[in-house]
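Report on the following structure.
A, B, C, D and E are the chain letters, set down in written order, and residue numbers restart from 1 in every chain.
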Amino acid sequence: MESHLISNGIVLVMLFGTAATIWAVRRSRLWSSAFVSLWHRRRLALLVTAVYVGVALLDSVAWVGGDSLGGDTVSLHEARSVIDRVFGGSQEKSYSAPLATTEFYGGRGLRYPGGHWLGTDMIGRDVFYLTLKGARVALLIGGLTSLIAIPLALLFGISAGYFGGRIDDVVFFLMTTLASMPGLLLLIALIMVMGKSTLAVCVALAVTGWVGFCRVSRGETLKLRELEFVSAARALGVSEFQILTRHILPNLMHLVIITFVLMFSGLVLSEAILSWLGIGVDGSWGQMIDQARNELSRDPIVWWNIAASGAALFGLILAVNFVGDALRDVLDPRTVKDEK
Amino acid sequence: MTALLEVTELTTRFPMAGKEVPIVDALDFEVGRGEVLALVGESGSGKSMTALSLMRLVPKPGRVASGSVRLDGEELLNLPVRAMRRVRGAGVAMIFQEPMTSLNPVMRVGEQVVEAIRLHERVGRSAALDRCRRLFEQVGIPDAAERVHAYPHQLSGGLKQRVMIAMALSARPRLLIADEPTTALDVTVQAQILRLLRDIQEETDMSILLITHDLGIVNEIADRVAVLYAGRIVETAPRTALFENPMHPYTQGLLRSMPALALSGRRLPEIPGVVPSPSDWPTGCRFASRCSKVMAVCEGVLPEFRVQGPGHDVACYALQEAASRGEKKGVQQQEGAS
Amino acid sequence: MTTPLLRVQGLRTWFPIKAGVFRKTVGHVQAVTDVDLEIEAGSTLALVGESGCGKTTVGRSILGLTPSQSGRVEFEGADLRGLSQTAWRPYRRDLQIIFQDPMASLDPRMRVRDSVAEGMRSFGLGRDESERTERVQQLFERVQLDPDHIWRYPHEFSGGQRQRICIARALAVEPKLIVCDEAVSALDVSIQAQILNLLADLQSELGLAYLFITHDLGVVRYLADRVAVMYLGQIVESGPTASIFANPLHPYTRGLLKAVPSIDPHRRGGAPPVEGDVPSPSAPPSGCYFHTRCSDVMEQCRTQAPAVYGEGPQRARCFLADPSGAPR
Amino acid sequence: MNLKSIHSGARGLGWIALWALALLACNNNPYPATEGDEKVLYSSFREAPRSLDPAVAYDTGAHAITGSVYDTLLEYHYLKRPYELIPGLATNLPSQRPGDPGYTVYRFDLRPGMMYENDPAFALDEPGRTTREIVAADVAFELCRLADPAVNSPVVEPFSNIQGFQDFGQALTQRREDPAFADLPVQDQYASLGGISGVRSVGDHGLEVAVRSDYPQIQYWFAMPFTSPVPWEAVAFYDGQEGRPRFADHPVASGPYRLDQYDRQSRMVLEANPNWYGAMHPEWAAPGAVYPSEGAPGDLEAGLLAPEWVGQSLPFIDRVEFRREKESIPYFNKFLQGYYDAAGVIKESFDQVIDEGGLSEEMAEMGIRLEKGVEPTIFYIGFNLDDETVGRPGGGPARKLRQAMSLVVDSQEYTRIFTNGRGIPAQSPLPPGLFGYDDGYENPYRQVDLERARELMVEAGYPEGIDPATGKPLTLSFDTYDTSAQGMLQYRFFTDAWRQLGINVKVEATNYNQFQEKVRNGAYQIFMWGWVADYPDPENFLFLLWSDLARSKSGGPNTANFMDDRFDALYLSMKSRPNGPERQKEIREMRQILEVERPWIELFHREDYALFQGWLENVKPFGMSFPMTKYRDLDPAARASHREDWNQPVVWPIWVGLALVIVLIVPGVVTFMRERQ
Amino acid sequence: MGAYVIRRLGYGAIVVFGVLFLLFILFFTVTSPDDIARKALGERVPPAVVEQWKINHGYDKPLFPAPGQWADNMLVEHYRRMLTFDFGRSDADDTPILERIRKGMGPSLALTIPLFVLSLLVAIPLALLVAFFRETYIDRAGVILAVLAMSVSVLLYIIGAQYLVGKVLHWFPISGFDSNPQVVVRFLALPIMIGVANGLGGDIRFYRTVFLEESNTDYVRTARAKGCGEVRIMSRHVFRNSLIPLLTRIVVAIPFLFTGSLLLESFFGIPGLGAITVDAIQGNDFSVLRTMVYIGSLLFVVGQILTDLSYALVDPRVRLE
């Protein structure tokens, strides 16, 4: 199947998922009140995050057809996203400063004078366009990795915490072993061995990243298991599986969400370091920063490339961190109790 | 002679549901010298917060909003921070409900008592440690000489509470606030601690403000009782008067609903309903919604205190009504009491 | 003689203490040792003791929530001890439990309706969800809660209300015996009275039996038909409530009764009736477990473990109760 | 505890104070102390050389050391262009006479009385000895090492032209199957085989080497460290056992410098070798040991023939410090701060340094000099001609496809963007300065012509780039193991060009192993590669397309797998021919074949822009990787004063920062105090 | 105590075995030795040389034990060599790895120890300060600044600081290293400053949370009630109790001082173990990378044990049983 169709499908699924989540949240007073208070606390951060997500989604919906871009015949046959169609295609030959009318070096005229809000990069690509494209990569790294890591961590963490005994021993051993290996090095080794691709990077990040949350969910499950409502459920003849799905899991959901948000920013930041080592994901902000790194030493200095990618990265991480902080306050059962 | 502690119009507010709610609402009471006053109330009545307000230890974001707290005539609420620190421990000492968590887990208990001593007196470490040992003996800790080197987790709950008491006594306070000192303890140990408190009070003649929800404890130790309901005092009376002749409907209900008094097999007389949450306290009498003698006037304005006997003040419209209808009732009540 | 509803014999629940390089078991926390209990249908047995005496473990062991080592737990003649979770299932309907902490005993993320209906679902009671909802509403009314509130979350209720929900949850499967594990200890006096009344009403209406685990002797006196007093994992005295309160045989029972502060303004306690602290259950004293704190301690108490003595309904684990005449 | 915490607090304060002091005392000078009267040259390296064994070391980084440490029989003249060989350790250029049929015998004569540097290894020869004379047998020994498969020399192929060279290697392998033989010291192994049959030492100082007559290029190899005399004692002693370093890390040699410190991670230091023949025997005035008195036209004007140097004994510089600089920017900045004496122009700073092809005013004011020169290099994009789509099996259409793709790659634009225009667009494999380079030649397929390319695409059967087999744009893969961000940008430049033809070229950047795997399996289509000449002869470029060296056939460097009978015939004939019109004609015909066949898209010949500080004297860029350090001189006093001028720390931000902190904190404390009352 | 340590060590050993197995899978079964050899030797070498090289580097044996081959295979050899610290030679340049590690440790420690100490000395007092001023604008500003600081990629810190401090202000050398004590501080000052700045945001936030958590406890209320001043409460009661959670973060980091910092070392040209590791990554030097992962894991296990033991030092409740 064509990759853009898959991507479109994922977007569709995500939109449905979001709709379903909103519906579920609205139905559940617990979650909707949490969201309302989150909205009150961090309106700006939420909006900023939403803009990033929006851009990423617009960049994920793609179809074939339309006009060619600046003599690029192949693009006629390729699926291009909304972002590609609106912002792509204004290709120059080399560097130009933001809103400049001539090339940065040599002063040749531009094809689109004044048309590059954030200038162009070394081979003349529009920096604003590249920055927008980075949003999708960042969300892909954060999202895909979390999608692999969190369920894995939950599965292992819950079963270890709930059933204990041998299962716990095995999971705990696995966790300790993985946690003992220096994260970044293991990550690099995995990517070197698996080969460099977005999926490989995400899988490697997930393999090194699931341990932390596994430990948390194991600990929390251990605590929950001893709580009286679990005993009550057992006394009511509820099966172990139902106890896990109806009692333990929902009570870990707040941790899942908090972890997801906090993990997200960590993942995007580590991708930047991977990019520096040359094993990052194509088109990420980390790669842009790495490309732009040397430009700071250019004289005259080329600042817009690193500024744009750095600011985009910073903005996303900051917004997500703020949201994560607030989420922690809003969802933490301790603070919920205090409010009562 | 004035009372040791005079509290007037003490109000402590907490932000809740968007407004500042008085958790402790215009309390008036006194603790005489050498007197044990018990502040009784159910959870949420504001009794612990009252204690913390006196010490100016109300946790943020709460604050003492108004009123006056005088210790030996000295106003505490506007004392500079430094001077207030001196009052804590030396003027007013405090012990808490949970001896498990109230002691610093990583410091030896002796060290903690020594710290308390040396905060208020210029004495050397070894002298302070000696004094600590004597205090430990005084509060009945066996093997006091060794126990000063113990960590809190090495002591049982009863011993920890004794350490707390020793710490409270270390700076020879004039007033001891005991906030539910035995709630976390077993009955047998509770009896030991209560006995200890009574003995110490008699020996040192200090005053005690006892905060509890257990009327049994009140009876064991108190001289006078103030009953707290939803941030307000509803009745103050000498101990015997309160137990023999409770006047406020709430006090009456509380006493009657104790299973220890009830006969087996009979229904317990219960107070219906629940304590209202501080954010929706009514403007009138706060007990009105649960009161069996409620009248129209109860829901309007808070009732005033009226003297109903020697040292016996009650804030209730029903009593005021009865009083205004004639003395006959009062006579009858007196008869009933005898 | 009819079989009692529940008969516990020689129940023992010990938790291993592990130490050393290979985590060998070096000792046991002797939470419950050789406990015998009987509860008749429709009656209340109170299990009294101080914290850490093992009374909660007895309750949990009876329900199979905490694994026990030996003994018998007979319910209507069938031994339940050591059954697997699946084998237990049919009995779960008959045996229910209510916990002390109303905060922790309801799933905070679950609407109370679902918590209450959970047992019904697992036993297939009620044809469909709407019928169960109806039933939950009825139960709410039965425990004097507003049936409109069934869709709320636990944190929207007060402590007393939450305890009512727990009762409703237990009642939902129509049990014959409810273990009330300190069910009213965390409540204020005025609320406690409401719940106690409710429990009493339910008992008379539905013929429920209660195993009432508590440390509050006042509650015991009010509610229980029979009392069992526990100390360090053992039952030291048991018998009808009235006779125990009137004439306690065991020195510990006597001390316990005396230690309760009275609310008679003309009676204030004298010297504390029992001195010292409870010994650790991992290293109980030799002989009679109570001899370290007993005011009537004799020489043989230090070395010899007393058996359960006494004729008739009231029996005690004390040499003083030995009718054959212990040396004094 | 209280006391303890005060103590630890005090200790903490102490630490902070220590650091604050350290900071105040600091400046940006990366060197410990001034060098005094010594003339020290500061240079850098990026990656430590893999090996300093002269038989193995084959990269520029290693040659920076081995070239100074190992002396060769022949050398290049420092100033003369085109390159000219002069005698080094040998007294004269080799004489030639015919040997066995098809072979020519070269005879070298070593100067008597030359000594190795002092080294404990010589104690193996005779206890207590620290040096010995250099003899012809040492060169023969080194040639044996080149032939020894265990040494794994990268230059076995050209040396195979020596008579008996390969036989020696095979015999060695065979004999080593006998463990008793294999355990012998290598020098004994070589001796028992009688050495290479074509190599013979005559007395202590004469050496005769028989080489196939069609390989006159062998002479150039005697100007490279591969053929330096190597004492067998050093190889035997430095075996990596018992704490002794390996020979690859511990050169024992005879050159103008000796390796004084060798820390692969951070530092390498060369110092003048007192045993060097130039230092021990200045009276010889040997060509390789004194500054030349004649040069190329223009050298006199450039001050390279100033009387203060002409005829003087070498070397002028006492010590060379190499510091590791992994990143080019810090390195260049340090150069601008005066802490390095020479630097290439990094592209990031190109516009600061270069103004319209010359030095910018700013740089000129600093006294920095610029030297330009085209290096004997070629960078190219290659097609795997074994591939079905782009290669030989595709026949005519595939050729047209290659031609079309060649027509849209704009070298001019490429060098402008990626090398600041440093580089000459390549028309053929041969760079300027080499025999056979034709200044007027314009390759018709290397001039950008989009229209023509599109026509060729139609002719190749891919109109608009559509592959009739799939109905989609033709998809090719560009294989590389360079995953750096910079690399991706370059490849993007090419793929964007090809996209104009409707060809979708995907960059497959994998790790090195996977890339090699692909190359081994022939599973590659397009790649980018570069070649730097070993010696200035066209043969050294054209052999890259010789079918005998095809990757798929012999694992050789002909990665394009170009195999053309006519080309091969011309190559073999051209190889042994001396420079002249005949050779010129053959080269031209080979060029003609390549022009049409397009195994490569020639990109550019690199142009080197080197910067030198004003205090570094006698600098003439050399192009090939031979360190010419011994000819250079410098002025330490000028350097010291410039460094001081250029590196005054800017201090005011510290005070601004402090003020900011105070402004931020004070109101907070005030507010807090107010709130508490 | 003794039994605890033995058991803890035993478990550590099991974990190390697990780590080694994982390494084996990653580096031996997924990547073939021939690839490594060709990468190291170049493409043109004859097969005989590759074989010799594989023998020299111990890549020549069968991968897994087979009947009759229980001892002589790479799995067993891998365990034997790693456990005896016989790391062999680098795949890329044949240098002895152990010696490289020994050489790299000095510069790494010279960077990491001051960095570590300074981080603690800056972050903990600042966090105490922020916690002390809780609920005031200093606290809020501190938290916001911390989040801001955390949201900046470390790459940006390094690039920015090198540019500003090194190139524009001339305070320190832009990069480089020299073990001469006269100048070593000059080289380390900037990387240390950047390292401290980079970690500061997260550290302050973490420490602040811990301190605040502790300052809401009952025993702090007790201390206040007996008349303790705020400073005394912070320094004596809160800080000492906070040590327990702090230790998990701090003690575990100590062993990693040896392995240096990947980014700082390679950006600043400090020839420590971090730089060696980055070189190994960029040069596909599997044997060095493998060794570094192993050493890192070993140190982590040691750190874990140290952490557990140090609990016993600061928390009298912890009895190591």
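Convention: contacts are C-beta pairs under 8 Å (C-beta built on N, C-alpha and C of every residue); 3 or more make two chains touch, one makes a residue touch a chain.
All figures in this text were calculated on a predicted structure; none of them were measured in a lab.
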Quiz prompt | chain A to chain E, fewest steps along touching chains | solution = 1
Practice problem: Taking each chain's centre as the mean of its C-alpha atoms, give the chain farthest from chain C. | Solution: D
Quiz item: By count of C-beta pairs in contact, what is the leading chain pair?
Solution: D-E
Quiz item: What chain lies closest to the overall centre, CA atoms only?
Solution: E
Quiz prompt | Maximum centroid distance from chain B, chain identifier (CA atoms) | solution = D
Practice problem: Take the average of all CA coordinates in chain D, do the same for chain E, and state the distance between these two points in whole angstrom. | Solution: 36
Quiz item: What is the distance in Å between the mean C-alpha positions of chain B and chain D?
Solution: 88
Quiz prompt | Chain centre separation (chain C, chain E; CA means) in Å | solution = 53
Exercise. Send over the residues of chain B in touch with two or more other chains.
Key: none
Quiz item: Residues of chain C that touch two or more other chains: which are they?
Solution: none
Quiz prompt | Touching two or more other chains - residues of chain A | solution = 192, 278, 290, 297
Quiz item: Tell me, which parts of chain E touch chain C in their complex?
Solution: 3, 6-7, 10, 321
Quiz item: For chain C, which residues are in contact with chain A within the complex?
Solution: 60, 63, 65, 85, 88-89, 92-93, 95-97, 99-101, 103-110, 115, 118-119, 122-123, 152-153, 155, 166, 169, 173
Quiz prompt | Residues of chain A defined as touching chain C within the complex | solution = 29-30, 227-229, 231-240, 242, 246-247, 250-251, 253, 333, 336-337, 340
Practice problem: Please give the residue numbers of chain E that touch chain A in the complex, ascending. | Solution: 11, 14-16, 18-19, 22, 26-27, 30-31, 147-148, 150-156, 159, 163, 167, 256, 259, 262-263, 277-278, 281-282, 284, 289-290, 292-293, 296-297, 300-301, 304
Quiz item: Once bound in the complex, which stretches of chain B touch chain E?
Solution: 55, 57, 59-61, 82, 85-90, 93-94, 96, 98, 101-108, 115-116, 119-120, 151, 153, 164, 167-168, 170-171
